[in-house]
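Some structures are shown below for you to check.
What follows is a pair of complexes built around chain A, which joins chain B in one and chain C in the other.
Moving on to the complex of A and B:
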């Protein structure tokens, strides 16, 4: 019995010792909520960190720190010199790249961040239109904390699929896959007070090769993801006399769709001459149309369906042609090829060449579910 | 030394507990990052390697039980003595004892490394190894029933982790699994070989067999335990392949722990910290059982009966753990160990069975 007692004493003392492992008191650390990276002088990286201080006395909790360094970690260490509280990056939620970062090839930022176990895999990545520091430096009354504001902005838009989802996990996943390329949402400073989602950056490997608009982003999501609820305004170009504009103000016909549900499926139908079938199923509710057409008539609905189908298909084909011209495979056609062809030994270089010549047949099936409260 | 070993009645165990013993000793440090090592060899067919390794394990356990049944309530130390004779038997037993301590060392080293990389960067190795070792000593000096209790609770209390598997689902990409059987048979078998470090542990059966009450049920619960582990490994392997892209997986040392990185609960944003710390509960039975079987070996072979031995072993391991402290050293240690473990746990039981059979035949012939 005595022996056991001794053992317990020893064990407890070690437990207490373990409790001394570098405590992190929330009042004593500065939480980095967002960070931005721009090219600096002489190949260094200009880092902008948004630090959130938990301080009951301070009127302004958010501090923006700017430093230059050659490595990502170095930025934090250098920023530490400027702050009264030790910086911790466990709450990092948004990483913003300046557009300039992608001009010189692989940035390696995402990779080096992912080696740090402190950084969450659910951190959002985004690209700034222009410089990342300009967005993070934004001072506006309605935005008390730019880090949290950006996070909520991206989070909210990603959830309803207006923005393509670009968490650290997803970007690295696509970056390391042969036959699929990552995308990043673009954030733009509008005026002096607002930040808005303004487009999607398209990559080839880790090189920025193109941008698409937010409207086109809808079609990209249509191909790579599933919609459960979404909405879009679509322009109809039709020669039919039934579809005439409602008034002179707007000389085109726009249909507003919501409750969009979609599913897509890509199939390789020809292995030698690479050819894909891209089937998209789409259902939606027609809420508004700028035409005097009577929605009570089933034939009219059919007509609208046909016309919308036509214009959507055209948009998708345009988008895919654009990706092919930029040699960027954000849709993931290469992955489909790789998983359907045995011993393909697909490499990035090989695939980009094949992608340019690949033929993609778009089959869109669009149905109007209902038309709201009126017919 | 007699082949048969009859433990004191208060130390005997119900046979169903064997399920928990085998499952908890198999699942340990390897499961944190076995996916990558196998993926290097077999690519997207790594899951086939896992299945093959599982089937092979069932086979080995079958032979092990057959060997043990030849002598009634026997353990490996008695069988060695019987088969090889007094002196060679002692030598082989010593090797087995060293092997047990070696496994102990590997588990401890790897866990401390994980702790230091993921959670406590600044806590020194000696503090970790000393506090874990004290806990293990407490268990081992407490006897087999305490250890078995730890096994039982280790399995029961870590079941909740399985419930978290649902979280990574929104990121899954099933096309990673296709085309099936793209790797050739050699690479798949190589992957199976690499499973060794992850799947070993079932050799505890050799030592714990005399302690089990109903010998008739041993086969059932031993295989159940292994099947449980195999299903878990297969699930994890499939999940990892579809969650990570190939290039990403090759860069991820602890894939299972990285899977925890996407779990975000309203009250705990970073579940991986909980998981890494909680892992102590999962490896604790491993450590206890290995130290116990080493202790049991010395007790049986050299007739030494003292708890001081446990302290002595712990001291050696503690000192050893101070020297192996970098990733490179640990990797070398693991690789060297894996090759030995493969021959000792997967190949040796077959040899031992054949030798034991011959020996048994010879003695019956002599008696006639």
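Moving on to the complex of A and C:
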């Protein structure tokens, strides 16, 4: 009897397995590596798909497909009519949204993608400055495969934290969390041959409310993430007589920092009248400064530290004021509030009101580790 | 379950007891001896000297030189009146008197010469067996770089000598059991008293004694008969040709079985992990030994799962292929006319063919197989668009990995296991592989070797034994014998004393 039980178990589990897998042999499918969405005519969506189609005979392996459909999924089905191989989105690496998709308050796009199990949670999302289609249609000699190129571009910049990380999982998480809002990096077509990171889009819920520059993006990362390496050029606004510009041509002082290490900590210090303490620790190596100041003197180093501290603090305060004016909480102050106050029953609407009146004290502690290395 | 057990009745005619005495006259003795040995052509009967001494023997089993020099020469010119007198004149170590015909005939089969003196109720049995067989040679199947190079031979005596040379201990026990109604093989059960678990000795002895079979020819056959689950593909006892390995096992508290005429010793109990241990592990530094063992376990997983993962990924789960590999993989696949499952099975089949051909062919021809295989599979198959070159790398890696396993029997199992897993992967992708893996794991968990768990020390978890399983810590850390053998003397040495003398 026991033996028969075994047989039955094995047999039944085999039967159950039969429904599991749907064969998709790699050479019989066209792999979508990147997709872009723009608003189309009459409220439809214009989809641009980059298909990697491997054919040993063909010279070009990348096919760009354009279709219009009412739904995101419909785009793939419509594009299927144009290809010789069935399209599959399991290798999708980058999703690009045209700016127009957010202008009309179009929402729910990321959600519809997240319900597709074959799409990786680590797919990068980005917003195109202009149309996504124009970026994906870019034809340049040095870019044989636009999908892979975009992926490498975003991946590389995200790893060194020049770009804020915006994977599908992170964007969705920030979207659905009360007290935090998503950001998307903005990609811009420069000339006819290049694509560059040009800024960060700020969202309130799923509505695009503002943009910040790539320089400001550094401060945003400073507040939300940790730096372990990285470099930045920072402008010092100072009236100290010691810090004079090195030449007349560049009439400002710029310090080049390297090996940045940072940590940030947000604390709620007043629950009634919402007030936050924002402590940022920052260490860096000073490589270069466009001033004639002698770096051998420790007092001068102290001075530079102080001045950089001041300029950075001003930038951060400006940035937070901007976020507050746009009612967008990309730093995640609401999350801190929610975790510090019991039974706060925070909702998005409640929080956006509180955010406008919240006071944020920025404490920045910047130290110069050393001043460059001599070869 | 499926078959009704039939009662086994040996069809050997046992002679009755009253006929068992030594016949009184030479003619009667000769007739009786010949009758009992079926009037065999190689029976030697010779009358020597003047006092009516007759020698009976089986000429093919005795040493002729010894017969002439040590038996016939000293007694041919003398007259004797009793067997005891003859005994005094012979200078041979193994001599015995017997009054029973049954024993006389059996001893003739062992290489004894029977010295018969008319009028005596007893005969003299003088053992001068012929020495047929080879001398001790290099270990062929389990060769080592560092360590002794000797291997067992087909002679039980030589093998026991080798073991005795390694373990010069008064408590080394050698038991003899005869197995096989017709072959009458001598099976030796060896263990070290005081270390070994008495219960295990009892179990194994009983198991050997209770074997009802007409004959066993080799220890590998005995191994199959002794295993607890004969339906399992995994070997439950180890077969080894290395005397140092057997000695090491004996010191751990294990038991060894030798079969006369077999160059392989059976060692048990054996856990699954121990099949991946080599004697070289103890001979090199512990860091190197750890590296080698980790290498072997990696190879095990590579060998069993790598091809099936390839098949599953290419048939079902294109999502998991790394982006950098995507292009090369699909480009090499694009030329192949078969689905990945057929492609993989085909190549695995060719590799197995090559291996089998290499093993069966004479040594001189075998070398050319490598060249043929290399050219045919490596280059021509890819150029003909038969297989993708990435699969060739994967398959050859898997094949190579399976040969890393020090135990040949386990290596065979690993190679066979790949086929069902590839088929499962081809039909159900990773779900199939997981199904196969779970099945294997459950199967392994249920196995026992001489009553001890097969997956020890991982299941049941015996943390102390992890020091010498997939890694090997220095000898000073491992002062205990493995828990698996249930050794009566747990410690190899006194840990406190050893620290003092460091």
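Here is the rule we use: the second predicted complex is superposed on the first by the 350 of 375 C-alpha atoms of A that agree within 3 Å, B and C clash if a C-alpha of one lies under 4 Å from a C-alpha of the other, contacts with A are read in each partner's own complex, and residues count from 1 in each chain.
The working rule: a residue touches a chain if its C-beta (ideal position, glycine included) is under 8 Å from a C-beta of that chain, and two chains touch if they have at least 3 such contacts.
Given the structure is predicted, the values throughout are model-derived calculations rather than measurements.
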Query raised in the report: Of the two partner chains, chain B (first) and chain C (second), which one does A:133 touch, if any: first, second, both, or neither?
Result: neither
Query raised in the report: With the two structures laid over each other on chain A, which partner does A:90 touch: chain B (first), chain C (second), both, or neither?
Result: both
Requested in this report: Once the structures are superposed on A, label A:120 by its partner contacts, choosing first (chain B), second (chain C), both or neither.
Outcome: both
Query raised in the report: After superposition on the shared chain, which partner residues are touched by A:189: those of chain B (first), chain C (second), both, or neither?
Result: neither
**Report entry** Which of chain B and chain C A:54 touches, first, second, both or neither
**Finding:** second
Query raised in the report: Can you list the residues of chain A that meet both chain B and chain C?
Result: 3, 10, 14, 17-18, 21-22, 90, 120
Report task. Can you check the complex and tell me which residues of chain A touch chain C? Result -> 3, 10, 13-14, 17-18, 20-27, 29, 31, 33, 52, 54-56, 61, 88, 90-91, 93, 118, 120, 148, 151
Report summary line: So, in the complex, the side of chain C touching chain A is made of residues 1, 314-319, 321, 323, 326-327, 329-331, 333-336, 339-340, 427-432, 435, 439
Report summary line: Note: in the complex, chain B contacts chain A through residues 117-123, 127, 130-131, 134-135, 137-138, 141, 171, 173, 175-179, 182, 244-248, 251, 258, 261-262, 264, 269-270, 272, 307
**Report entry** Complex interface listing, chain A residues touching chain B
**Finding:** 3, 7-8, 10-11, 14-15, 17-18, 21-22, 90, 111, 117, 120-122, 169-170, 172-178, 180, 335-336, 338-343
